[in-house]
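Should a chain be cited, it is by its letter among A, B, C and D, assigned in written order, with residues numbered from 1 in that chain.
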Amino acid sequence: MEVLHMFGSEEQKKKWLEPLLRGEIRSCFCMTEPGVPSSDEANMECILHRDEEDYVINSTKWWCSGAGNPKCKVAVVMCRMNLFLRHGQHSMILVPMETPGVKLIRPLTVFGQDDAIHGGHFEVHFENVRVPASNIILGEGRGFEIAQRRLGPGRLHHSMRAVGLAEHALELLCQRAASRQTFGKKLHQHEVVAHWIAESRLMIEQTRLLTLYAAHSLDTLGSRAARKQVAMIKVAAARMSCKVVDIAIQYSYARTLRIADGPDEVHLSSIASLELKDQLRKSQAKL
Amino acid sequence: MEVLHMFGSEEQKKKWLEPLLRGEIRSCFCMTEPGVPSSDEANMECILHRDEEDYVINSTKWWCSGAGNPKCKVAVVMCRMNLFLRHGQHSMILVPMETPGVKLIRPLTVFGQDDAIHGGHFEVHFENVRVPASNIILGEGRGFEIAQRRLGPGRLHHSMRAVGLAEHALELLCQRAASRQTFGKKLHQHEVVAHWIAESRLMIEQTRLLTLYAAHSLDTLGSRAARKQVAMIKVAAARMSCKVVDIAIQYSYARTLRIADGPDEVHLSSIASLELKDQLRKSQAKL
Amino acid sequence: MEVLHMFGSEEQKKKWLEPLLRGEIRSCFCMTEPGVPSSDEANMECILHRDEEDYVINSTKWWCSGAGNPKCKVAVVMCRMNLFLRHGQHSMILVPMETPGVKLIRPLTVFGQDDAIHGGHFEVHFENVRVPASNIILGEGRGFEIAQRRLGPGRLHHSMRAVGLAEHALELLCQRAASRQTFGKKLHQHEVVAHWIAESRLMIEQTRLLTLYAAHSLDTLGSRAARKQVAMIKVAAARMSCKVVDIAIQYSYARTLRIADGPDEVHLSSIASLELKDQLRKSQAKL
Amino acid sequence: MEVLHMFGSEEQKKKWLEPLLRGEIRSCFCMTEPGVPSSDEANMECILHRDEEDYVINSTKWWCSGAGNPKCKVAVVMCRMNLFLRHGQHSMILVPMETPGVKLIRPLTVFGQDDAIHGGHFEVHFENVRVPASNIILGEGRGFEIAQRRLGPGRLHHSMRAVGLAEHALELLCQRAASRQTFGKKLHQHEVVAHWIAESRLMIEQTRLLTLYAAHSLDTLGSRAARKQVAMIKVAAARMSCKVVDIAIQYSYARTLRIADGPDEVHLSSIASLELKDQLRKSQAKL
């Protein structure tokens, strides 16, 4: 939606953005390709060529989030016109899902889950898919520019969700720690668990403030000047939310290996007490 | 099997251990209980009472691994005779799965997976389950002792599997890094990826040697003297395998958040280059 | 100065605060005691007793920063009136340095440095030191309260200095990385060094924002409501500045062990290349 | 000594190795140069040229450990004959300290300490220093080869010392934790301190085993085959000893910032208790 809102023509907005905003239809975004590392956009292999009044697309895309949703009616597809030039030549084009040649191959799973409720993450093939030239967004060769300008806000959203997720995990951790009991005291009365709570709050707070700062920079300085801040929250938010959830899970769910057969914390306590005994024995032997 | 091999009576061995060793049947182990933190065994609530020539068991257990396997014919159940005494009073008893009152409630999932192929991890209820007194292992009140003496070897197996898992992950990471290309060079030619490989080998090697050392201590000094070594590998192996798999996954699978929208490494490179520019501009301004 | 400004009587302010503000004299703060862990204030052993119109102080203090400065004319001393009550009974009292019984024993060193330029960190003994009753600050038994209310701003200052220190270290790191060359390229062109720069900026930025947030909370909500924020920056700033300086030092100074005999980064690169060769050999052997 | 023992001629051994082994004299090793990053040996700028029966050396070296010891009678100097070839052309040569042109410029300090007791780390200049051709070790152009073959054992020694240092730090930590009391219990009864002890033992044990393994590889497979193991301990031992000493110092010495104004652990406990209160208040507000 953001792409159409920022870069769509009047006609494109009327046809796709309006029903999207009304919630009548959904869209999906087709960028990543199997076989090539897509963090380097120069690797992209989706071929777009002009054929009179049409464009023809040939490509294999995957991780197209939401493509399996029955309400998904249109794909935004990132293509290239010339594979020999390393940069430029990227274009973004609108492809209605019912266009002949668009094939939903299979849903992919993320760590074993298919996110069916959101429409999954699909492998989608485009075989000689033909769309009118007016479907191109902003113009030929401007795909990379669109992607860049759209990424700032998108990354902010990722970070905001990651902060929210971590806040929720910390809330669950605190509730668990206040209600459950081991070795004669509540979990939160175990210093190690208390320090987890403190470390989680510290990480969340730092990332929350950095996200607000990046959002402020984006609003006041624009996406180019805010690049450093945006890249920082991309890294910080993902990392922080993984750590906080990892801490919270220690007592909220069963996580194999670190939990099975006694949580690591019990083992660390037992190593410590055995080590202390060994050391004291040694220091007495010296007398 | 280990429990029966080490502590079973001749009759118990004949009836259960032999078909287990022949692979004709499977067993499951019922220890963890819902509602109580089972890393503190004093929390256990499974009640065993003597009724003339029988024992009667009432309990709710879960995370009984393998209980859903059709070949699973017998459960080893950890119970207590007296909930008022904090220690002791734990007993281990053999319960044939077809005994009236044994109910498989539902398979539980571990991070969304049910491990159906191994027989899953089940919630199992025991309602007035009656077994002959001879089913007790080693004797009343000796359950905790059995658990302790059995844990050393069990934890070694966990660590060995964790080392193997990490070795496999590193192998996949190396193959990927040697074959895939971004920004004009192979992944392994990116220093950051090369250092991941080095860090993984370092962690695996240290844990592998510690596991061998613990195994050697267990064999030569016995399980009591090897407690510190065993506790150390329990912690080290779980932690190491999580880290190595986490590193390997960076390029082997898609992991959301840290991967989506460009892997963190690309963002770190971009933060660095922007920071350098800012710093150099600042230092020139000083002149 | 902060203590006198916030809690001093008119007479105390006139006598000590004014020359302090004019820079004519300096003060020192005597709190920590040898032999007892002073992070728990209940451990404090400095005895204050009332003797008609005077107070008499007996104590051994150390880490009295600035006590050796020739301009240091007055000490603020934390004492207790009653060692049997765990809390309360703490009082803060002004002791002119030339009072009989005040003895500067020796300067202590911090990691081998004596900070002589600031007046060092001294061990100071108080033997039957007698001062008029009007020297007590705010009143008997209010020492703990003064300490608490003064700590918020003090911790903010620590954090601000830590952020400044880290900024300076990053600046030096960037200059070094832009000017020095190894293995055919500038240091900053080595990905691993570039990522250090990025990680440093990320840590500094998060701590800087948290410090600003704590300062804002302190100003708008008061020191009691801001306790959590203040405790967070105390932890975050110390930890962050240690990490950033540690990174920066890698190429700015010689640090033994991690530097001597080739920096760790060179060794990690060599482990990685050997590991890759081993893995590739293994995977070819499988064919 | 190792260099002479492995690569010295009979004459060199007789003249220098024998008095070294008898402890009558000391030697120093001159490799690192100011201005160039010496982890890349291609940067070295010490010039050696042949002049009939002599070699003439011109160079500025620093971090020459032990050069200031009054018993230091000979330097082993790493030079190059040709600065235009990137590799090879390195030679090692023996230079008696009293040779005209050898100048001890100044002792350097490592983190503020000059290690005077061991002879310090000196900047040494060589100005047209002339020695007989027979002083070259092993032959022209073989300096790099000598350095490589000598490094394995040298790195083992570093690791062994690092393990010993960490063992000593852990011993001190245990003694302190068993004797000192805060908040109503011994330090080791604080779970967080207990876990430090456990983590330290874990790190030491893993590094100790890896060091033994590297030593075994070096003895049985030779220095070339053991390169990976040797590089691993170089990294692991430095890192481990820094961490263990850092943990141990928390309560053994005063370390500014993380200690001053209350150790971080006290602050983490206070953040945790405030966070818990906030969370519980929030969850009650929801009812």
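In this text, a residue touches a chain if its C-beta (ideal position, glycine included) is under 8 Å from a C-beta of that chain, and two chains touch if they have at least 3 such contacts.
From a predicted model like this one, the values you see are computed outputs, not experimental measurements.
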Furthest chain, CA centroid comparison against subunit C: B
Comparison of A-B and B-D (more C-beta pairs in contact): A-B
Listed pair (A-C, C-D or B-C) duplicating the A-D contact set, over half by residue number: B-C
Centroid distance [mean C-alpha coordinates] between subunit B and subunit A, Å: 29
Between subunit B and subunit C, centroid-to-centroid distance (C-alpha), Å: 43
Approximate Å spacing (C-alpha centroids) for the pair subunit B, subunit D: 39
Multi-chain contact residues (two or more partners), subunit D: 198, 201-202, 228, 232, 235, 267-268, 270-271, 275
Arrangement of touching chains [line / ring / star / complete / other]: complete
Interfacial residue positions of subunit B with respect to subunit A in the complex: 37, 39-40, 42-43, 63, 108, 110-113, 151, 154-155, 158, 162, 180-183, 187, 227-228, 231-232, 234-235, 237-239, 241-242, 251, 253-258, 260-264, 266-268, 270-271, 274-275, 278
Contacting residues of subunit B [partner subunit D, same complex]: 198, 201-202, 205-207, 209-210, 213, 228-229, 232, 235-236
Of all residues in subunit A, those that touch subunit D in their complex: 170-171, 174-175, 177-178, 188, 190-192, 194-199, 201-202, 265, 267-273, 275-276, 279-280, 282-283
